[in-house]
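Chain IDs A, B, C and D follow the sequence of writing; residue 1 opens each chain.
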């Protein structure tokens, strides 16, 4: 049984483990103030061409989301997201726990549209309603789709005009940027978003997300907020060392590239058999629509999630590849697809 | 320069790294529902002789504290701690962030006394004041001291009588149990505390705390609360694997034993020179009182924290040893102490 | 210019002011522990035939909603409401401020349907999502409609079966019970809801809502929670005296009855002119659909809210009557309607 | 039995009730946007000579405290108060409920000293600790004492220098300003505090506090925060009308003056009998130290609180006067004191 359930089934890319072994007995400063975290931050700043950015390494994605949103909003302000957004459905109300409403708008393949944001702003017009102050998007999205440069610029413009912060959840930013359909660079992201993060957990690290704060007014005393949220590891260097390795060269993008290529081969096999998709395949998450019989057949040898079922016997499943997905397993899956 | 600043300067004990390397390419279930986390939990249950306990692996200590306190208290309830307690001074108000007051009582060598708890209960008598509902203690304490079995039993009895939860922060539980002055077992802890945790970060793991919930009524839907607080790692197995190794045999106690022995040798060197201590040396944290000149001298070659200074030229410093502290560095420090 | 904007434009019914004047120089115990609050509570208990209920008097509706929801839910639990619900749109995120998500379902004339609740429960199935634990309804609803006994029983049954608390916001409960279409009694409400409140502010009091807790497990230490939320007035008797007067005889229902009759006359005038309604007229809130020209005409002499506009030149306005609405002003409005 | 238990046993000063009766059938705008609230705000602005101040009317004191503190602090910031402060002991943890730690310093007759504030700032030096950002004082204090102009200026200067907000709880500001020992004006208060409030509940109103925001940066979108906290009454004019009457002429100060004079007569009777005080008598709250026998004797005919008892048979009681305290009852109490 080979699992295509998610992109966090295995540990870390071997180079990352090697880096941890290599540095293991060094004595490092605690709480993320070590030299590895500093170097990793420098690498990221160069990559985004923003010496002024503040970089913080946070253990996980939900934690990063709640930290960012609760740190930057005043109590009566809220965040706008797609209804499919991780913060809206899959974080057990972590954002609301920090006191803020998530206004969920209908998604377009997992993405937000400027028009829907404008309608929401128009509707929220007085002090009896929450005040929208941040837009949350994820790239790649929960449906594996990506924002084009034009789309991201349009949302950025709108946010500037309406005085909204733009927060980009990059738990799978590697997959987005490594996509064949992508026209964004990491530098673009840093100039269009006020705050974003570069996911490590789902791209080869044991754990860790690199949070990038691009807007001056958001930087102040942020380490207090990290500590207060329980997001400052005593051995912060454990994350710093991993990101240092991921960005020592372009390992980060190599890993995403591999994952995407594996997904693409699976997608092609599915297309050859005439199956459709619930969302356009772009990255390492595929959402094919299969007859129930095919789902049953595949499940004999492969792990995956069932996303939703319709009344006509069709099922949307989710297949996810990662840096660790082997060519052999993909070959085998494609073979299976061809013969079901 | 050798650092005695804390017990989290190095990575993980080599056996733990080996375990991570060995299991690295396994496909594990996410979010702590993997086989390693299950096995580690079984090992801990055997150790405490409590098949009914619920075990959860949490990334860090502050996170565990806020998770436990906010999950078990109703909004108007508060937690009692020593004024030296980590939750009171060194978590940037993380407990208050979850809505609960910390009532800090004067410590006795870092410990709480039942008499002070009773006085606090007597004072909080109506609905215009918060309602004490939990007692938080740490073992070993922030001053490196430990609770005797009699002391812990007395607090346990009081908590039973007054309907208070007893929560034991075991960030350094290994050091406490491995102390020569200790008369408690892990099983005792589990029968006396309602909830406690076994620290990994400060005893050889890269990160992770094993939370043990002993009281039935506290177990319900706890995974929701972990997730909501951002404390559920996608690769939860990264912590599970480490605890599995720590409790595969008695590695956990060997590591603490080593740290304590290293500290004891330093303490003896200090005693030989006639220095006193701010708190009785028992575990891996020492708080010697030194003349300012000696502090200056030591700081040339060793790293440590200055805890407090008095008006008479005396300084309390903190020296901490760990599983990674080398005999050579301790010899060298003792030598230094002898000659200052 | 006569205002039909809302039912809280005037002060209190003269009998209530008289009661305040009559008792003004009495020395009463503070914080709602006075004899008037006690008597008012006894009157309500008799009315609902529940000696065991706990009654608390709270200054306002938003405050009561946040107090109830945050007191009864654990951190990961959420409340289900109609998307038109006051807690969802018109309380500036007060519920989220207390840490809880509001799951808003499509309304049917302002009401929730059991089927939609069931679908929501089915969807929220694991610890990555919030856990629904309470259903919030309002009677009369934000659209002036009311629940029938059969409808309320169906929701009650579902809540029992699925272990959900049922919370009924009765800011306009008087209007609901005094409606010609109503088949519920106050006693029914108390036996079908776990917690509900009887609105004073919008039915003749200066301020105040009578919160009724019917379920044993929800009563414990509730005064602590009231105090902590800033909802315990020093001069709590100011609310107690008003409810004592409202329920000394059936003044409470007389006032709602008057408001409803005034609304009914307006509704008939609108019907006679062939206008339709956005929601079926039942109580003291009317939502007629008017051509823009008529709206403009009416606004010359009467105050009201514009609820929404469509693209075809039609406008939904809101007209509200109260205990204070004079027959003369209603006559005049009907006359206007007839001639526009 | 005549009660000296508190200053909120009676309803409202007759002139206030008359104002409510007089305006009762007016149609006013809701939510504090009515003409009476506007006029009352204008009167207060004139009184403090600050056209630029923002004035909001809030139902109660605890609510005002939690609203102010939680609105102006970022999540990691905390408030400094005396250990006797209302927010520290008598609000059931309302401030912590909003996420903020209260750092309680030893009081000097209920007051804070600049030296203690400085020590606290020095101690809180990094991101592992909360960040002090606001100083909370009350005038008169919980012990009935008052701040001199020099004392308030010293705290103001310190706050400016250290970038702390100064928040003055004026639940009993009338009593402070009407004290014979007072050298502050309302205008001074407004120029020295960043935010303060003028208590109505304890000085003749049925309910209500007038919150004055003097600092520009704190004003933005404050009505959102009022609403979100459940502190915006639908019939906001009920408070506006009362403050309009209190400040129509100097009724507010007349009422405090009367209360203080009544207290002074009682204090003189106590002094004549040689009794000492737990805190220097200045305003309408007295804390005489009496032998237990005298306490028992007084309690036969008068209501009061027992504040604390010592081991030598002495008891501190609290006697409070108000606008409603009759000369006859004071005569009778003085007579009693003379003969016990």
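In the analysis below, a residue touches a chain if its C-beta (ideal position, glycine included) is under 8 Å from a C-beta of that chain, and two chains touch if they have at least 3 such contacts.
This is a predicted model, so every value here is computed, not measured.
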item	value
Farthest chain relative to chain A (centres taken as mean CA coordinates)	D
Selected pair, greater C-beta contact count between B-C and C-D	C-D
Averaged-CA centre spacing for the pair chain D and chain C, given as whole angstrom	34
Geometric centre distance via CA averages, chain C-chain B, whole Å	50
Contacts with two or more other chains, residues of chain C listed in rising order	75-76, 91-93, 97, 99, 127-128, 130-131, 224, 227-228
Chain D to chain A touching residues, read off their complex	31, 70-71, 74-76, 99, 127-128, 130-131, 221, 223-228, 232
Residues of chain B defined as touching chain A within the complex	2-3, 5-6, 8-12, 14, 17, 20-21, 23-30, 59-67, 91-94, 97, 201-202, 206-207, 224, 227-235, 237-238, 303, 324
Interface residues, chain D side, partner chain B - complex	75-76, 78, 89-93, 96-102, 127-130
